[in-house]
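Structures given as structure tokens follow.
Across the two complexes that follow, subunit A remains constant while its partner is subunit B and subsequently subunit C.
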Partner chain A sequence: MSGMNGTRAVRVLLFGAAADQAGARELELQVRDGATLGDLWNELTGRYPGLTPMGDTLAFAVNQEYAGMERRVSPGDEVAILPPVSGG
Partner chain B sequence: MRWRYCRPSREVSLFAIVEGPLVVGEIISGAFRPDCGAVATFIGTTREDATEGARVEYLEYEAYRPMADRKLAEIGREIAERWDVREVRIVHRIGRVGLGEPSVVIVVAAPRRGAAFEASRYAIERIKQVVPIWKREVWSDGYVWVGSQVGTRPAARALR
Partner chain C sequence: MRESAISHRISENGQVELSQEEIRRYSRHLIMPEVALEGQKKLKAARVLTIGAGGLGSPLAMYLAAAGVGTIGVVDFDVVDESNLQRQIIHGTSDLGRPKLQSAKEKLEDINPNVKVETFEEALSSENALDIFRDFDIIVDGTDNFPTRYLVNDACVLTGKPNVYGSIFRFEGQASVFWAEEGPCYRCLYPEPPPPGLVPSCAEGGVLGILPGAIGTIQATETVKLILGIGEPLIGRLLLYDALGMRFREMKLRKDPNCPICGENPTVTELIDYQEFCGIPQAQAAAQQNAVPEISVRELKEKLDRGENVYVLDVREPHEYEIANLGARLLPLGELPERLHELDQNAEIAVHCKTGGRSAKAVKLLKDAGFANVYNVKGGITAWSEEIDPSVPKY
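Coming up: the complex of A and B.
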């Protein structure tokens, strides 16, 4: 998982409308040491601009628990991009 | 179907996400207990929707697992903290679901009806707030993700 220049891979899962907008359901992103979910989001929207308009509606999870944008992400973490849930 | 049993002390509860039709009668009757005088059931079914010239053909659900399974069990624990209930069952279907078919079955058994009614209402409201499950309406003219208004329908494309 270790990359060059102190960056490491985080596994990113996208669901529902977010997967649609990105055109991807799963990917790996290299993040710097000390990076937050917010940093990862910036990286993600740079790569998939279609996600940008959804930004205000999305929730995030780190290792399968809801997390805020200030949450640190570490190598090997599983990050999920969650559109507004619509079960039931 | 794949059942996941969770047995907190003295309670017997069932939280499951399954593909394929829900066997509603079995899910309900499995909650009958001699120490309970009330079993409240909520069944969510897929609703036909139509606008001028287009109609929903079926729905398709997806879940983020196992987070979604864990969140269902969490709702069960929240209910146990708030009401005197003895069993909570929540079974949610994913995949393709035809119109008018059950997509979620919630069963709460309690000694008395007040708690059973209130807890079953709470369960469906919480599912709609915190459980990572999404549905896509597949219309005759494209699809749309419910809650996001993203999709291939003419109306959804206009919002992009």
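Coming up: the complex of A and C.
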């Protein structure tokens, strides 16, 4: 499946401190065929190095479902990146 | 949904009856078949523990009291501070300086004198958590720090209690029901705590005052549903609330078979040291090792009064500068690396922020860049306001 302009984009939603680090709450990333969430994360930290130290503590979801780094991501998928939140 | 195990257990807490006054009070519940007399009695028989009488604990405990939950336990050891009042609606201006438990108990008993309020004026710890949790049916997590969140989770798993979870940051909130007997726990979602300082607290990052109202009432709703055994609980789902976009999203969670506490071969079988687990002592030791030169606000004042040539640098954000400033040069920490050339390497520079954290980072950065005579103003503009000039607003 390709986007309208022939791109192959995954929609990435960032929450809380991850959004602050990236300076964006929502962005689109191109992915190769067979790309995994881990590949997408590498791409993302390449672009926003400030995210790197958060890596181990983030939760990821693909299409509203909790997912591990080995999970495949395809164009049209929605990836959510959720840092832990402690405030009460 | 089948009647939940908790709802069934609560029915066995003992026979309760409703007085005429209670029947009048709970009329709007009693006329709904989902609650009815039987459900209202379950609410009265229920024992719910809320951890924290702060932002989340306020609306949560108030609604549980109003709804007729028979026993509400509250754990807190704080006193009411002015900066609490923007969101912690269980406390009022006249409660400033009082223990939060006192004002919370009074408010809850005023809302509903039928409720028994049990107070625990202590920090929840690995030593007391299991004993406190044991006597309650449901635990509601309204704490404000990671060590206590992991402690609440683990103590709930070990005692088999549901953990009605909520947390908040700026304009965003999360809620779920972590109950290892029925689904994932908090560690299945977040196995690794973030290193200290990586994820800001509400004190550091701020929070919309209304936000805990939204999340706390979701926690109260989930608690009442569990007691009544109705509806679909948030077990295995993380609800995300974005107040700015005014959107709710949901994320399906899964129980991690390798979870160290609720998985198939648990390695955590008793409560541990959660400060250590969250890396707090390690971070403090590292901070001491990387200590930067410091100056107290009094020493800085004396230097300035003596007319010494000290360049004062403020590394906060412009919107903070607008609230209160010392007339110093503003250069936000995030922009510092690219703007070093604007500063004189040989000048004596005193760096301040709100309380001293960001300015310590700035001093480290400047020293690494070859600035020789630079030091951190201990306690930041807050200390200046407290010790030197109270006309500088404290925020």
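Rule of thumb we're sticking to: the second predicted complex is superposed on the first by the 78 of 88 C-alpha atoms of A that agree within 3 Å, B and C clash if a C-alpha of one lies under 4 Å from a C-alpha of the other, contacts with A are read in each partner's own complex, and residues count from 1 in each chain.
Keep this in mind: contacts are C-beta pairs under 8 Å (C-beta built on N, C-alpha and C of every residue); 3 or more make two chains touch, one makes a residue touch a chain.
Quick caveat, the model's predicted, so the values are computed rather than measured.
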Touching partner for A:Asp56 - first (subunit B), second (subunit C), both, neither: second
Which superposed partner A:Glu65 touches (first subunit B, second subunit C, both, neither): both
Which of subunit B and subunit C A:Ala17 touches, first, second, both or neither: both
Partner chain(s) touched by A:Glu43 [first = subunit B, second = subunit C, both, neither]: neither
Partner chain(s) touched by A:Pro83 [first = subunit B, second = subunit C, both, neither]: both
Subunit B and subunit C footprints on subunit A, overlapping residues: 13, 15-17, 53-54, 57, 61, 64-66, 80, 82-88
Complex contact set, residues of subunit A against subunit B: 13, 15-18, 20-21, 53-54, 57, 61, 64-66, 80, 82-88
Interface residues, subunit C side, partner subunit A - complex: 52, 54-57, 141-146, 149, 166-170, 172-174, 189-190, 192-195, 198-202, 205, 207, 212, 238, 240, 242, 249-254
In the complex with subunit C, residue positions of subunit A that touch it: 13, 15-17, 53-54, 56-57, 59, 61, 64-66, 80, 82-88
Subunit B to subunit A touching residues, read off their complex: 44, 61-64, 66-68, 70, 92, 103-104, 124, 127-136, 145-148, 150-151, 160
